[in-house]
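Both complexes shown next keep chain A, but they swap its partner, so chain B is in the first and chain C is in the second.
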Partner chain A sequence: MKVEDVVCPFCGCLCDDLVVEVDQNRVIGVENGCTLANEKFMGDRRLENPIRKEGRSWSDITYDAAIREAADILIDADRPLLYGWSGTHGEAQSVGVHLAELLGAVIDNTSTVCHGPSIMAIQEVGHPGCTLGQVKNRADVIVYWGANPIDAHPRHMSRYTTYADGFFVKEAFKERKVIVVDVRKTESSAVADEFIKVERGGDYAILSALRAIVRGKRDLIPPKIAGVTREQLFRVADICMQAKFGAIFFGLGLTMSPGKNKNVRNAIELTEELNRHTKFTISPMRGHWNVYGSNEVFTWITGYPYAVDFARGIAFYNPGETTSVDILRRGECDACLVVASDPGAHFPRACAEHLARIPTIQIDPHVNATTHLATLQIPVAVTGIDAEGTAYRMDGVPIRTRKLFDGTYPSDLEILSKIYARVKEAKGS
Partner chain B sequence: MRAALNTGRTIRQGSYVERKNSPAYREEASSLHMNRVDMLELEIEEGDHVCVRSDQGAVVMVACPAEGLDRGEVFVCLGPFANFLVDPETHGTGMPDFKTTAVTIEPTTAPVPAVKDLMEQCGGSGYEG
Partner chain C sequence: MRVILKTRPRAKPRIPIEAETIIPQNFLRKNDIRVYEGNKERKLEDLFFITVEGPAVSPDQVEVILTGDTGVIKRVGEYMNAGRIIVEGDIGMHCGNFMSAGEIIIRGNADSWLAREMRGGFIRCEGDAGHYCAAGYRGEKRGMRGGTVEVLGNAGDFAAEYLSGGEVHIHGSCGDLPGVEMRGGTLTIGGDCLRPCGNMTGGICRIFGTAHQFLPTFRKNGTEDVQYGGKHYRMAAFRGDIANRGKGRVLIRA
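Up next, the complex of A and B:
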């Protein structure tokens, strides 16, 4: 059976035009998807049943026993951390936040190690963003700053920017100018009209120089800044100021490099300067599928987008203190629930070491690096394959994903709801 | 040799991200992309093993030449190999310096560990199933 208009559950583009061929409870073909989508659907190899570590060896347990044990670990903990959430749907994230409140836990999502600094900058100076549809139909200048979409969001260029014809941009490839800013040559920089190669750590200085140029202060600019000639910066500023509609997309090259949130703030302020001349927008390239949704769900329930600490009985947020990497490196949490992410692979080693020291419960369909650190793993259905739910695209548009078949695994929502019910009963609330 | 370690996504890393215990993922996550002249200077060839060390620890990776990198710059896709070297300090932002880790690189004949081995070095117990 072929299912049309399937939403891809891999990256923040949430492409919703896939055609997926299903044979009973197996995907046997994918059309329109990129390499990442094909691997997501076709290379899907799951953990078969819940597993539990005793001493240094592993054994299979039932779902009921695993749910009981997970709830008991969380109830016994003084400072539990509930981390992950970006690979699952909004309904499950919502139960996670309520569970955190009930436990007095810290709940954090993967933006803590991707666009957390972008959110900090947006909280300082706002977000002049727009939907990807606006970009596709209107933008004649695209800037990718510290982002490599060809590797990380393979269809971003073909669906929304470089190669996507739009209502006002009839022949995108000819009419759109693409500027790439990065510290290294990438596949994406190879297709750019202008590639600005910045010295490592030089993004803030280049952003400031461009702001000065856009403000009309060309005479202040030295011949070379962070490895970039002023002639190139003048040229790029002119391209941007002459645009009818420009769109900046930035990636982890800004959020993880020296300056972090201040880099992003400077980029947003450059966008503001450009709006004195023309229309310009700026948006983060959200990576892990529904990570934007985790920010939305956390915010509408707690008021804060990530790193929310309920230890005081009310929501408290302070990046650098209540963020997962800091809590783990300080050895502060005494239990961790990991949902739909892999901190074992994606956090610094010192954090992985703490996860191995404490009871760590993982709810995830696959065996990953965190599995080896965990005490307990509960396999679940994959949202967008055998579970349905709502996810947010990188531009904040919510999209409903569907189940392609009825599988044998419970969804994240079912497992979390059962853990929540048991904790609620134990707390007598 | 001293170098600055940068990390980021690659399409192969993304392709195998849900099969982290596969040989294909290990191959991608342990590839140390470096400038050809630096490789000449270290007297190593593509596929040779190197010990990469930071103030957080050391891990064995496989050298491979990359066109887009300057001398003294190396790149490893995000994952457990790179993270063996990254400092967890976040300077009050929640975000470690994933893109700028000072490392030293030297040739070695030691084997490249599996992801499971790395997690066991962190105190975990490998799951074989």
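Up next, the complex of A and C:
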């Protein structure tokens, strides 16, 4: 059976035009998907049942026993950490936040290692953004800053920017100018009209210089800044100011290089400056599938988008203090619940070491690097394949994902709801 | 009155203690002082051996001395408005938050957000300070607004972010972007720093070491002579950051 208009559950693009062929409870083919999507749908090496580490080996346990043990570990902890959430749907994230409040835990999502600094910058100076539909139909100048969409978001260019014809941009490939800013040549820079090769850590200075140029202070700019010539910066500023509609997309090259949130703030302020001359927008290239949704859900419920600490019974937020990398690096937490993420693969070594020292519970369909650090793993259905739910695209548009077949695994929502019920009963609340 | 708080051994010593209740005025009247250890509320005596010496009739006569494993204790001196706190070792994050008067002396290192949004008083850290020394909270438009912070060692990144008033003096070096978004007050850096005063709109920053990767958006504005540490220095003067209004002043040793 072929299912049409399937939403891809991999990256923040949430491409919603996939055709997936299903045979009983297995995906056997994917059309329109990128290589990342194909691997996500076709990858079939799931854990069969919950497992518990005993000494140096693993033993199978039932779902009920695993849920009971997970709840007991979290109840006993003085500073539990609930991390992940970006690979699951909003309904499960919502239960996670309520669970964190009940436990007095810290709850954090993968923004902590991707676009957390972008959110901090947006909290300082706002977000002149727009939907991807606006970009597709209107933008004649596209800037990719510290991002390599051909590798990380393979269909971004073909669906929304370089190769996507729009209502006001009839022949996109000819009419759109593409500017790529990066520290090295990439596949994306190869298709750019203008490639700014900036020295590592030089983004802040380049952004400041561009702001000054757009403000009409060209006389002050030295001949070379962070490896970029003054003439190229003048040229790029002119392209941007002469655009009918420009869109900046930025990635981790900006958020995770020295300066972090201040880089993003500078980019937002450049966008604001350009809006004195034309229309310009800026948007983060969100990577983890529903990471934008986790920011939304956390914010509805707590007022904060990530790194929310409920230790005092009320929500407190302070990246650098309540972010999971910092908590783990300092060895603060005494239990961890990982949901729909793989910190064992993404976090610094000191954090992974601490995860291995404390009771770590993982709720995830697959065996991954975190499995080797965990004491307990509960396999679940994959949202968008055998579980349904709501996810947010990188531009903040919510999209409902469908269940392609009825599988045998419980969803994240079911498992978390049972853990929540048990914790609630134990706490008598 | 002298109050000596010595930390008790704990089963999980890395779990932070949140202790905004450790301020001199609380020891004058309160008997039941509570702090948080992780998500558990504790009595002060559960976590500290407490010794009280002598009387006091006002908060400015109270001196609190913290000893032991104090590096994970956060928010000591928050909203402090009189008296004195002496930390014999290191201190955790947010020491002196919103402090308006009194004095805090830290013999060791201070973790991040030392003197966050401080209004008045004096803080001296004899070791190093972490990131965001004398800065603001996330999204806050003003950092430290008054008083004096002196760090005898080095400071981390984003020192004096959003500095709006008062005086910050780092005797050693600073990390990345000291004085970023600065809008008032005085920042003095005795050593080196990286990319000082990005996006500043006001205030004065004096740098007596080397300013690495100095941003291109500052306009040279002659020289000035200043006194520092009993010596006379000729400083190159800049105005900026002209990426915005550019009304701040940066002086760098010529």
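The rule is short, and it goes like this: the second predicted complex is superposed on the first by the 429 of 429 C-alpha atoms of A that agree within 3 Å, B and C clash if a C-alpha of one lies under 4 Å from a C-alpha of the other, contacts with A are read in each partner's own complex, and residues count from 1 in each chain.
In this section, contacts are C-beta pairs under 8 Å (C-beta built on N, C-alpha and C of every residue); 3 or more make two chains touch, one makes a residue touch a chain.
Being a predicted model, the structure only gives us computed values, none of them experimental.
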item	value
Partners on chain A (chain B, chain C) - clash or fit	fit
Touching partner for A:252 - first (chain B), second (chain C), both, neither	first
First, second, both or neither for A:425, with chain B first and chain C second	neither
Touching partner for A:105 - first (chain B), second (chain C), both, neither	second
Chain B versus chain C as contact partner of A:120, first or second or both or neither	both
Which superposed partner A:76 touches (first chain B, second chain C, both, neither)	neither
More chain A residues in contact [chain B versus chain C]	B
Contacts of A:332 with chain B and chain C, given as first, second, both or neither	second
Chain B versus chain C as contact partner of A:319, first or second or both or neither	both
First (chain B), second (chain C), both or neither touched by A:64	neither
From chain A, separation angle of chain B and chain C (C-alpha centres, steps of 10 degrees)	80
Touching partner for A:205 - first (chain B), second (chain C), both, neither	second
Chain B versus chain C - smallest C-alpha distance in the overlay, whole Å	5
Interface residues of chain A shared between complexes with chain B and chain C	120, 201, 258, 319-321
List of chain A residues in touch with chain B within their complex	10-11, 35-36, 39-40, 43-45, 47-48, 51, 53, 56-58, 112-113, 116-117, 120, 148, 150-152, 154, 183-186, 189, 200-201, 252-253, 255-258, 260-261, 287, 307, 319-321, 323-326, 328-329, 342, 344-353, 355-357, 365-369, 371-374, 377
Residue ranges of chain A in contact with chain C within the complex	77-80, 103-105, 120, 123-124, 201, 204-205, 207-209, 211-212, 215, 217, 220-222, 225, 258-259, 262, 265-266, 269, 310-312, 317-321, 330-332, 334
In the complex, chain B residues that touch chain A	4, 6-11, 14-21, 29, 56-57, 67-70, 73, 75, 78-80, 83-100, 115-116, 118-120, 122-129
Residues of chain C touching chain A in the complex	12, 14-16, 18, 36-40, 93, 112-113, 131-132, 137-139, 141, 158, 176-177, 180, 195, 198-199, 213, 215-217, 219, 241-244
